[in-house]
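Below: one structure in structure tokens.
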Amino acid sequence: MDALIPPLLNGSAQGALLLLAALGLSLTFGQMGVINMAHGEFLMIGAFTAYLVQQVIGASDLSIPVALPVAFAVAGLLGLLLEVSIIQWMYRRPLDTLLVTVGVSLILQQAALQIFPSQGVPVEKPGWLDGQLTILGYDWPLRQVFTIVLATVCVAALAAWLKYTSFGRRIRATVQNRDLAEVAGISTRTVDRLTFFIGSGLAGVAGVAASLVGGTNSQMGAQYIIPAFLVVAAGGIGQLRGTIVAALAVGVGLSCFAYWTTGSLAQVLAFILVIVFLQLRPQGLFTVRTRSLV
Amino acid sequence: MLELTDIEAGYGRTRVLHGVTVPAGKVVAVLGHNGAGKTTLLRVAIGLIKPTKGRVFFDGEDIASLAPNRRVARGMAYVPQGQQAFGQLTTLENLQLVADGRRRGKALIEAQLARFPALEQFAARKAGLLSGGQRQQLAIARALITEPKLLILDEPTEGIQPTIVAEIERTIVQLAAEGINVLLVEQHIGFALEAAERYVVLASGFVTRTDEGGSAAVSTVRAAMAI
Amino acid sequence: GCGARAGDEASASSKSAGPSCVDTSGSTIKLGFLNSLTGGMAISEKTVSNVLHMAADEINAGGGILGKKIQYVQEDGATDWPTFAEKTEKLLTQDCVAAIFGGWTSSSRKAVKPVVEKNNGLFFYPVQYEGLEASPNIYYTGATTNQQIIPAMDFLASKGVKKLFLAGSDYVFPRTANAIIKLYAAKLGIQIVGEEYVPLDKDDWTTQVAKIKAAKPDFIFNTINGSSNVGFIKAYYDAGLTAATTPIISVSIAEEEAPAMGHEVTGHYASWNYFQSLKSDTNPKFIESWKAYPKSSGVTSDPMEAAYISLYLYKALVEAAGSFDVNAVNAAAKSKPITFAAPEGTVTLDGENHHISKPGHIGQINASNQFDIVWSSDKFIKPDPFLNGYDWFPANVRDQLVKAAG
Amino acid sequence: MTETSLVVTDLHVEFSGFVAVGGVSFDAHPGEVRFLIGPNGAGKTTCIDAITGLSPATGSARLGEQELLGRPVHKIVRLGIGRTFQTASVFNELSVLQNLDIAAGRHRHWSSLLRTRRGVDPSIEQALEETGLAGELATPAGILSHGQKQWLEIAMLLVQDARVLLLDEPVAGMSQDERTATGELLQRVAAKRIVLVVEHDMDFMRRFATRVTVLHQGKVLSHGTVAEVQADPKVQEVYLGTAGAATTDAMAVVPEAAAVELASAPEMAASTHHEGD
Amino acid sequence: MTKLRSLFSLSGIGVFAVVLLAVAPLVLTDHWLSNLGKYCCWAMAAVGIGLAWGRGGMLVMGQGVFFALGAYSMAMHLTLETAGDGVPGFMVLYDPLAPLPAFWEPFRSTAFTLVAIVALPVVVAGILGYALFKRRVKGAYFAILTQALAVALATLISSTIRETGGDTGLSDFKYFFGFVLNDPANRSMVYLIAAGLLVVCLLVVWQLYRSRFGELLVATRDAEERVRFLGYDPANIKLVAFVVAALMASIGGAMFVPIVGIITPAEIGAAASILMIAGVAFGGRASLFGPALGAMAVGWGQSSLGSTWPDGWTYIIGLLFIVVILFLPKGLSSLPARFAAARRGPGEQRAAATATRQLEEAKS
């Protein structure tokens, strides 16, 4: 039990954070096909926003609840800016979006390094997140529980939005065939912008959660980007439930490996396992097939 | 209703259409060999290609600057060539996509499912898994759901079984009778001429003949196509 | 045509260290500054770089070195060790600088070392490190192990610590430091109840902290570098650990880092040779100048101080030698004791191993993120990078290392 | 008949519970233009998919002595099976010549892959003539029109020297003249090869089919000569409707002379490619 | 016409070779010559990426993995050569008593090392590529997967400090197959080997591009499934390109070590792998010279702009990515053709005359 429960508890929180980081990607990458390598920097922007909110209203109990929507809006607007200025010209060559956004991510990192103190900024945990929950005799930090709750809320909201509004359909239609979507009466531009806004905004929310876990600095986004992509890919492109399962699996896996071996090796093992999994199931956990040939 | 005048258009530096004019008419047929530019012309009409020259009038208004989805909102509908559907969406979702936000959306879908039994049968199947003809039926149903004022059809019966071809041909005639305009590209010259009030023959991107439909002789048309 | 082969060493070394291209004829002298201004380590190194600029300005205002104004060439090591090597070579052979100042991680130093040795240049390294090194072309102004790690262990022993947990970043300094800690702990009768490493660029410590919590140590020895510390501290407090129950002693959290943790860290300890709170004759002036400096971060810290004095040390060396020539400088270092009134006190250079004597201090973090000094070594500690004076350090390892270092 | 034939026996294809093809048997021999017709969704394309290894199937599909089912796609092709697709797919970035050269590659030794192409294979030249694409030699295939792409696909099959040609709606979207030309091309090709055509154009079928198999809901509904099939009331009910009897299409009024005149390929080419001249 | 173009390219390679092998050693200082050697190593990897990505459509974002295979093979050998009979110094540091790890032992042998530099990438890329391509992993999946591999390998090396030197890397090599590395004459010899190998890489892709394989590769890029129906297994076609690319990266990595004198996980991880791609995209992914020249330009930019303007350099490289991909998806090497096309004007593009001429030419 001692070797199982703690990594399970830790791991689900780690998975929840990964899920938050991957959620936006499951929209912009999974649904729209844009490989946004600057997603990690949107997350970073969310974290810096949390810091700025704390600077303005103080590190009170309210600061994090306030920071969440603000970070969503700030990161979302930046995402929108990126879409309007660059991504919109690239929908017909999705692989190239990867390279363009690598450029964006380099620029955002450097800008953050120059705007904020180079050693990073402190984001403080509100008092109500101090303490632990006792589960089966094991302490579960409230901060971890909070991350899980936040991820659950975001997932539920996103799922509901995709399911109960026609928007989900429109996103998928737009990605599959822009011309056809356009002649089916869908304003593909609106769809693109809104999707990118929400996807980037979710990265901002993830950034607030991440700011409570590690350092808030120019490099923080780089830690999340590849695992987040792996999670989306392993879950099956465009499959929300796949992303959820994959994120939790990777989080718990990372934590278990780190518990049983070392932190560094855990990273390697988790990566290798996802890669092997993707090799076995190249379309991810949940697959959609069509007959179309090319 | 729809009128294209002196259209020049193409892809990149390749010019495909050279001063093409399509008159207004209830049912207008565009005829021509492979590669004559028929599809290109229809893409100009719906707005997927911006013409380099010429004007596009719809309801007496110049719509050249409107995006396709705005044109659809004004009552144009387009069935592209090649059995196109949103493969990852189910048949029903393909229809809901265009019915969303319309009054009586459900009823409109029902009506089309009744018209095409195969679609009803496979409503829950991903459209990408449908057979070619089923997909084509889906494409037509999708266009009809929008209750268009003008229907643009690019070889709508291609790949469809004869009984349903007959159904579609009947539908076209019926729609025309109901006052819906149709711009039709069709290889079945016989039917096209029968249904069309006017027709245009394209050859290598030039209009080689424009005339009244109905009584026109197939041989005249064929001659014009071969110029 | 082919050059020298293994075996004809003599001809090779004479060829490689060609005549220096340093130009000492003008009214200025070129120095190279080399730190990571971009990439992950910029977080720590930018301040060091800034303080070097300040020292150069000060020295220039005071008339320069041997009457020559410092003209510095700034290079970016970009947190990439091969880049450090490339830039070192560039500074020495293209810019012809008389000496290079900078670096932070031991990795960067290890990349620079062969290049300065090959070109017979000079490199001044300002950060505490794992020892076991002494290059004729490097001067070390940060602490070696017997000036920081060993005092920290002595302090822990004096507090009656029985169980110690080691947490570090996964690279050469923490690994080596912990290897030494383990040897010394065995001697002191302190039990090491666990050892955890996380890569420098990762900062999720939650699982490792869970392990620490389970191991119930009396103290945690922290050799984590850079922003990974933030994640460590956050996970530590999330888990309900506190300074009262499980204090941390750190060798890389200083005045600069303490307020950046996102959690107050009052009550924890750090082992350094310099604290801003240190009372010495020269410290107030140093703090004041730094606070007034345009690119200032407001607080001073040990690595900054070590960088600051490295430039003054160089000035002292050159003036003692009366020349910028490397061999002359090294000879001067050997022949007469070079001392310098540093903010940490009057330090003396060891001409043999190129390290300086330093006072050992343990500070405890207070509410204003400054350090209250709670323990000090009775005198300045002589640098002993190879731990010759410590019998618990295995002689065969020392021999092998010396041999491997050539 | 001594030449190898394509024999399909009791072919089954199932997609997660849905039976797309449920026990279809038919055969095709060199010298005939074999037609496979049936309502949309009857399983025609799926049959071809199964034979070419695209869909997993049970039953048997043999070319001569060789069982085809269960082999990977490219191995089946190497046995001499070639196909076209309902929606034409060619290599858009490559020129017509390059497309054909690649198609011809199956017979070359692998080492020739590393060498540069010198000259145009006679088979390619012939295929270009046959399909009237000679003028489009250097055109990137991506900018060919719909019909031209279909010809290119047929030409690729020709140079591939496939023993079996499976053509999925090869004349869809072609004008009448082009249909005629294509049909005649197929007749010529069929002299030495097995040709299986899926089509909904009944006039085309009437003109060129030797034997017809009708599928319906994954089963064989009927088979026989054109006349036999057309007369079958079951076929009329589910598929032909009135088209079985009536001649709505222009084909009926095409003067024989015109068709003959159009059959010669170069003129056909001239009529389809523009700008170039 | 095609023939002419390919001869033109060949003479281009000739000029390139003369510049690299004869002119550069005469005009450059030792420092810049060794920098140029470093760029050549990146250029080798880039030439491979051009083949795999530009022609084959496989966005290989983890060439660092293969770069590492060559680099670490070489570095282990050179480390052992420097250490003589003993255990390398850094290993003593972390665990004085443990022996040399078993996988180091064979790298004492020169022959084994040379074989490993060639065989390791072939075997690893072969197995990996076979697994991925047979399972039809492609597009973004492939890109992310290969990138993840590079990250995983870099992390693995970082976390095995005693076995591999960890994050600090391997450095301080004294000899290169018996030659003293500090000797300037030997250093220019090492440079010449690297430059020569780059020229060989260019010749290899030159022949591949003009061969039928080159056309097939493009066909596979455009319509992989369709290729299957022509009797080819696209997996094999892609595999060949992938393996060749891996081999080039490995050789580049191997030469990187004696030239730069240090190898660390940072040189093979995500950022390094992406930078290799930056050069290729910048120069022109599908062209012959684009990838090599692009990689060299990026390397040079890093050395020189990184010096004069360290803060700005990151912005420049970032903007480079954006501007080039956005406006010049075919890289700088497409500029001349663009200008030419613009001058020629519309209409003539599909000139039948050209086609006929080509047919005639091809027939003869």
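Per-chain residue numbering starts at 1, and chain names A, B, C, D and E are given in the order in which the chains are listed.
The rule we apply is simple: contacts are C-beta pairs under 8 Å (C-beta built on N, C-alpha and C of every residue); 3 or more make two chains touch, one makes a residue touch a chain.
Each chain and its UniProt protein: A = Branched-chain amino acid ABC transporter permease; B, D = ABC transporter ATP-binding protein; E = Urea ABC transporter permease subunit UrtC.
Since the model is a prediction, treat every value here as computed from it, not as a measurement.
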Exercise for review: Starting at chain B, figure out the least number of steps needed to reach chain D through touching chains.
Suggested key: 1
Exercise for review: Return the chain whose centre of C-alpha atoms lies at maximal distance from the corresponding centre of chain E.
Suggested key: B
Exercise for review: Any chance you could check whether A-E or A-B wins on number of contacting C-beta pairs?
Suggested key: A-E
**Study point:** From chain D, the most remote chain by mean C-alpha position
**Key:** C
Review point. So how far apart, in whole Å, are chain D and chain E when each is placed at the average of its C-alpha atoms?
Key: 44
Check your understanding: CA centre of chain B versus CA centre of chain E: separation in Å?
Key -> 50
Point to revise | chain B and chain C, separation of their C-alpha mean positions in angstrom | key: 76
Practice item. Return the distance between the CA-based centres of chain A and chain C, expressed in whole Å. Key: 37
Practice item. Name the residues of chain E that each touch 2 or more other chains. Key: 155, 158-159, 222-223, 225-226, 311, 314, 347, 350
**Study point:** chain D, residues touching no fewer than two other chains
**Key:** 87, 89, 143, 273, 275
**Study point:** Multi-partner residues of chain C (at least 2 other chains)
**Key:** 38, 170, 197, 199
Point to revise | Partner chain D, residues of chain B touching it in the complex | key: 11, 14-15, 31-36, 39, 81-83, 118, 122, 129-134, 136-137, 155, 158-166, 169, 187-191, 203-205, 218-219, 222, 225-226
Review point. Considering the complex alone, what residue numbers of chain E touch chain A?
Key: 59, 61, 131-132, 135-137, 139-141, 143-145, 147-149, 151-152, 155-156, 158-159, 222-226, 270, 274, 277-278, 281, 311, 314-315, 317-322, 325-326, 329
Exercise for review: Write out the stretch or stretches of chain A touching chain E in their complex.
Suggested key: 29, 33, 35, 86, 89-90, 93-96, 98-100, 102-107, 109-110, 114, 222, 226, 229-230, 233, 262, 264-265, 267-268, 271-272, 274-275, 278-280, 282, 293-294
Review point. Mind pulling up the chain C residues that touch chain E in the complex?
Key: 1-6, 8-9, 12-13, 15-16, 37-38, 74-76, 78-83, 85-87, 89-90, 93-94, 106-107, 110-111, 113-115, 118, 130, 132, 170-172, 175-176, 179, 197, 199-200, 394, 396-397, 400-401, 403-405
Revision key, fill the gap. Per the touch rule above, chain D residues touching chain E in the complex are 52, 72-74, 77-78, 82-83, 89-94, 97-99, 101-103, 105-106, 108, 112-117, 119-120, 125, 134-139, 143, 156, 160, 273, 275-277
